[in-house]
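Right, I'll just put the structure down here and ask away after.
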Amino acid sequence: MSINNEEFRPKIVAFCCNWCSYAGADLAGSSRLAYPADVKIIRVPCSCRVNPMFILRAFEKGADGVIICGCHPGDCHYSTGNYYARRRMTLLFSMLDYMGVENGRTRVEWVSAAEGVKFSQTMNEFVEKIHSLGENVRLGDLRCKN
Amino acid sequence: MQELINRAKELLANGTVARVLGWKAGDLPYNPEPAFFTTAEELDNFVYNGFCGANLSKYMIAASKLEGKTMVCLKPCDTYSFNQLIKEHRVDREKAYIVGVGCKGKLSIEKVKDLGIKGITAVSGAEMSDDAETLTFQTIYGDKSCAYADAMLERCHVCKGKEHMVYDELIGESKDTKDAERFAEVEKIEAMSPAEKFAFFQKELSKCIRCNACRNVCPACSCRKCVFDSTKFDSAQKANVDSFEEKMFHIIRAFHVAGRCTDCGECSRVCPQGIPLHLFNRKFIKDIDELYGEYQAGADTDSKAPLTNFTFDDAEPSIVTKR
Amino acid sequence: MQRIGVFVCHCGSNIAATVDVKKVVEMVAMEPGVVHAEDYQYMCSEAGQAKIAEAVKEKNLTGIVVCSCSPRMHENTFRTAAKRAGINPYMVEIANIREHCSWIHKNVEEATEKAVILARAAIAKVNLNAPLFPGESRVTKRALVIGGGIAGIQTALDIADAGYEVDIVEKTPSIGGRMSQLDKTFPTLDCSACILTPKMVEAAAHEKITIYTYSEVEKVSGFVGDFTVDIRKKARSVDANKCTGCGVCQEKCPSKKAPSEFNRGLNTRSAIYTPFAQAIPNVPVIDRDACIKFKTGKCGVCEKVCQAGAIDYTQQDEIVTQKYGAIVVATGFDTIKLDNYDEYAYNQSKDVITSLELERIMNAAGPTKGHLERLSDGKHPHEIVFVQCVGSRCSDNRGKSYCSKICCMYTAKHAMLIRDKYPDVNVTVFYIDVRTPGKNFDEFYRRAVEEYGVNYVKGQVGKVIPQPNGKLLVQGSDLLDNKQIFKEADMVVLATAIEPEASVRQIATMLTASIDTNNFLTEAHPKLRPVESPTAGVFLSGVCQGPKDIPETVAQAGAAAVKAIGLLAKDKLTTNPCTAKADELMCNGCSTCANVCPYGAISYEEKEVNDHGIRETRRIAVVNNALCQGCGACTVTCPSGAMDLQGFSNRQIIAEVDAICR
Amino acid sequence: MSSAKNQAERIKEISGVNPLKCMKCGKCSATCPAFNEMDIKPHQFVSYVLNGDIDALANSKSLWKCLSCFACVERCPRDVQPGRLIDAARQLVIRQKGQTGLAPEEIPELLDEDLPQQLLMSAFRRYRR
Amino acid sequence: MKYTYYPGCTLRTKAKDLDAYARASAKALGFELEEVENWQCCGGVYPLGTDEIASKLSSVRALNEAKEKGQDLVTLCSACHHVIKRVNNDMKNNDDIRTRANNYMQLETPYAGETNVLHFLEVLRDKVGFDTLKEKVVNPLTGKKIGAYYGCLLLRPGKVLGFDNPENPTIIEDFIRAIGATPVVYPYRNECCGGYISLREKEMAKNMCDKIKESASGFGAEMLITACPLCMYNLNKSEAELPVYYFTELLAEALGVKEEAK
């Protein structure tokens, strides 16, 4: 099915909060605000549902970038979920950076249900960033393959 | 040491405790091991010296379920772990009679060996009664000696201090052995280029044989069933078809204990492959201190842990790229 | 293993034009667990749903994947269809191949590939789905309306008329809102007060309505059907039960220099005041910042002159805690500050005013008793210039990007009223576009031009230049004539952009209702659910949702009321079954999960368990399904993974990740 | 035509202005102190660029009348910045070989003894390449 | 306090007194102006084109010198101020311009807008403080009714220059109050004087300046003050009777150092 074997087609997983960014992605869709097909969205009830294991799992399975989108701080549907997510992701990203994994491969963005434009822009930027980083080899290869 | 034994016998005799949790001599002069003692006779095997690095807090999870109290010997740094376990309802404070034992720094046999001292038949200077300045070894190659500090575990060079956080009584003197910066090693890695960092960790992690020693010894890794043994994450397969666990084990383990790890250093101490595992935990501790305010797990039993807490204006995850 | 049926919707050409649906069917049919796959024109139609039922029967399906529009559109439709076909509704998953795929991609091959991947993820998830059964929660039969303007009043009246208790919380001393400040209304030129005050009185007299004025919502907890709200009743310093509303205190109050909020600061009021004559309740409040007694301890005139003994300087704020089943937000609007628009000289000249200030000037109860005069020298103006779109339609960060919607019409109204009452006054309106969608609106505007001779000039004003002689030189464009024109005016009226009342942000945060970048509250769906917030049990009334005029506001207020009534009419609500659940054998009882639960839904029990033959009593987390809202914060904080979220379980999400990254 | 299109693109590039953002309110022309001196008015620049009518712009005397006072830039509600468009059109002209808005031989008669250097400098930058 | 100082071409020739009064006043106020070594002309106008790099380099050189000295860069002429502040803004915020300019410059460490650019008036307002200035005035200009003439270049675009409210500025009025005189606010104080157009379009510039002066006189101003030599030149071409001074001259007078400057 691949379009062009030569071209790098990144695999990007986006975890989107059902109440804000998932709806923001819907709005981007109904407003026909394009972003690359490389982005695949997984619906979660809240950014605080995103377990670091999901992210590492994605990288291990060959993802080139993972983005987590939640409600703006202060606007969490469950009041406080995104605050916990913010701390968890900050620490996780810092650890990945510490281990030499390019920190552009992970991102957290707050996108509300009304921000279709922001959703599309964010995804375009993120895909561009992943393109500039190229294929993810590091997280898939933390142990020397011998 | 004798004072400890005497006190233990006394407590057993008067029925205050049903058993004593301490260390008994191993088959070599430098490998004492954790042990329960239930009679005065058994206590003749009790030892406490510079090689008693093991943190006994975790054994109290099991001991808490036993009939009667247990006298447990905790070094100052071990009491942080015990506090953390109280906080997480894993041990029962009422079931423990805590004897805070003095500590003058614990020794690493690996370090001794690295100093070229091998074939050891006897050690002196590791008793807790002296000043802990010099160690003398009888070896099959003759007598050798080294400075006590040169043989100390890494964690003792960044010692959290002489104070016990929780105890019923104190026996023995402690010494402040801190002579290095706690985060110096972490900072060194932080300063590397991404490629160097990656090479460093790839090299270290490649040594891992997944023996689970780090997990088993860790007082924070006290789960009844580890996620890595659970069917609920599809992360339990040991077969080669799924290499997820092997690659991510240490990151996840460090994340799971982030904000709960007291930096007791047991993981690095027990790793048979010599992987400096504390570097993961200490990175999280450093980040937590810098981003959310200084926090020492186990310093108390009621503060909110950094990962179950937040402020409205916490740093955004993008700070990682900016720092 | 599940027996899964996959149904791929064309959505007319919405999906089928960009996604090769046949190819999707072909590809997904090979997935593990899939025993049936088909495509259809409109899956959401009766016929489409019938196809699902048929396949369930024929192929003995245990799980369903629908590849269609967003689950936010039709998840419910397909769950209901599944239920009818005899499958647990929670065995349905939607692959969003419209909003997240066909609508944003152009290349058919790419879009088809993505659609297949999204379908695979949904299939992988359904393979791990388990039937779920919703519980029930009770509904408190009382509604809260935040804001006592025309929107809030109308909503409250409609809910109360249906027989439910309603509380109105209004932060100013009186209900009435912005509408009470208006002089006349378009497009029929009714007197605003004449049509508003009867409604205010009706609300005050209604036995089902309780009005808390000079009060603010302080804390909101709970969820749809069962909110608990703290209302702060600010100290009035006047005992409402004793006050007779005679007004003597206001007359005698020696401190009369506080700017009148009601008259937009154009004149002053006493420290003890009711905002306007028809205020409800007719009980004054003491403005403690302006009151001499509160500032110096010496005065007490109001206490002395009050025959009823109603003055109480010691009164404290009071917190009222009340339970509600539904909450309606009706917080309204304000005009923007003009500090970013000094080219119009609003801050430099008293004779440059906003339209809302003109309303007060035109009003008989206003600062000039209804006489049109210049605020600088009290002289009668002969030339008035109106400037449209001041701060509206600005994408340069100085103003608001949206059209404020009401300005074109009220400017026509002002122009007409001025020309009617003062035929000697020339009126010029600088406009960019005249926007008059609405019944009789364009006719109204044309009357201003044709019957009243208002001079409309197409072009924006660049600068208002105060002249040494006190006049204002208006420098503007006449685009149709391609000229720059200079007009000497006596007054300039700025059609100032409106923005949501500043307090709405805080209220939205308390309600966890989402808000857009302009601080307007977001609707659950922009077209189909325009008066509901995405947060269940929270409804939107009036300008807090978007700019609108009075008739629209009243209509929306009624709609919000109906939605609230629909909720209050139920005795029980079915709860979301996607709640957290702890595995007894894995739980450590460490309490970490309870620390992050925003609903206090997790408690601990000493429970006897049988762990592979070991019987012991353990401390174990137990989730209260009625309280749990399913956010999942606990699942991630649980170190052992004992806590999981039904419907979004660890294994399900990991399966989706794996399917996407395959 | 295609070269006009290229030139329009070039103007957009040099100016960094997106003329599509304009809502044709005329505030720039309402603001411009040189309005009466201009044949093509500030607000019209936007449509000329959009329509690709670059020849007319190049021959417009407006190019040499704009004061670069930035009043239109400051007040434009859509952040279109018409002043930048005018300047880009002027750039397009003076960058062509042999084109100049000010010939050296013109200069002596324009001078007087109070004239500040700054004026000459600015004028050179404006009129010449 | 020491500042790096960029005088600009005109202050070395036709507007020597603008400069001399500023230096004398600075001394009296206790700060020092260290002239940029071998400064080059700023070009007089900010190159608006997104692709113009070479014409921005002289500003970058001055900015970089201040950076290396660890000082703020002070300007006096409105045009220099406008150009240098905008170039600095580009160097800080425009990746393309920064990269290309640094490619030309070949500096040891690339320049990225680190220097803080201040107009002399901003130094008075933000560093010295108008209250302090008021205390140091020995010869208050009591009774003088003065109109501030801002012109365009100090104020616009407001977002980039961040000098003052571009439509209703107050900094020079506050300055006038600090030296003991009475400011006269008039609406044309931020209108253009004609700028460079006066080289050829003498009449056009004259008309514009007439309007400015008439407006100021109308509101009761007895004189105008300005920071810009070009504004000064253009305003003087208008025949309307209203004297124009550099603000530094009045400052020096108020501080009692006017004679020293000569």
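Letters A, B, C, D and E mark the chains in the order given here, with residues in each chain numbered from 1 onward.
As a working rule, a contact is a pair of C-beta atoms (placed from the backbone, for glycine too) under 8 Å apart; a residue touches a chain by one contact, two chains touch by 3 or more.
Since this is a predicted model, take the numbers as computed values, not measurements.
Asker: When you check each chain against chain A and chain E, which touch both of them?
Answerer: C
Asker: Taking touch as defined above, what minimum step count separates chain A and chain D?
Answerer: When the steps are counted carefully, the minimum from chain A to chain D is 2.
Asker: Would you say B-C or D-E is joined by more C-beta pairs in contact?
Answerer: Looking at D-E and B-C side by side, D-E shows more C-beta contacts.
Asker: Farthest from chain D in C-alpha centre terms, which chain would that be?
Answerer: Farthest chain from chain D, going by C-alpha centroids: B.
Asker: What is the chain whose Cα centre is as far as it gets from that of chain A?
Answerer: E
Asker: In whole angstrom, how far does the Cα centroid of chain B sit from the Cα centroid of chain D?
Answerer: 74
Asker: Could you tell me the distance, in whole angstrom, between the mean C-alpha positions of chain C and chain E?
Answerer: 48
Asker: Report, in whole Å, the distance between the mean C-alpha point of chain A and the mean C-alpha point of chain C.
Answerer: 29
Asker: Please work out the Cα centroid separation of chain A and chain B, and write it as a whole number of Å.
Answerer: Using C-alpha averages as centres, the distance is 36 Å.
Asker: Spell out, as numbers or ranges, the residues of chain B touching 2 or more other chains.
Answerer: Within chain B, the residues that touch at least two other chains are 227, 233, 307-309.
Asker: Where in chain D do residues touch two or more other chains at once?
Answerer: 71
Asker: Which parts of chain C, given as residue numbers and ranges, touch two or more other chains?
Answerer: Each of 343, 463, 596, 637, 650, 654 in chain C touches at least two other chains.
Asker: Spell out all pairs of chains that touch, sorted by label.
Answerer: Listed in label order, the chain pairs in contact are A-B, A-C, B-C, C-D, C-E, D-E.
Asker: Per the contact definition, I'd like the list of chain D residues that touch chain C in the complex.
Answerer: Touching chain C from chain D are residues 21, 23-32, 35-36, 41, 43-44, 71, 75-79.
Asker: Could you list, by residue number, the parts of chain E that touch chain D in their complex?
Answerer: So the residues of chain E touching chain D come out as 8-10, 13-15, 41, 43-45, 47-51, 55, 77, 79, 152, 155-158, 166-167, 191-192, 194-201, 204, 208, 229-230, 232-233, 236.
Asker: Could you please specify the touching residues of chain C with respect to chain A in the complex?
Answerer: By the definition above, chain C touches chain A via 70-72, 96, 98-101, 103-107, 109-114, 116-118, 121, 508-509, 512, 514-517, 522, 534-535, 578, 596, 598, 629-633, 635-637, 645, 648, 650, 653-654, 656-658, 660-662.
Asker: In the complex of these two chains, what residues of chain D are touching chain E?
Answerer: Going by the criterion above, the answer is residues 13-16, 33-34, 37, 65, 67-71, 73-74, 83-84, 87-88, 91, 102, 106, 110, 114-123, 125-126.
Asker: Taking the complex as given, what residues does chain A use to touch chain B?
Answerer: 52-53, 56-57, 60-61, 73-74, 80, 83-84, 86-104, 106-108, 138-144, 146
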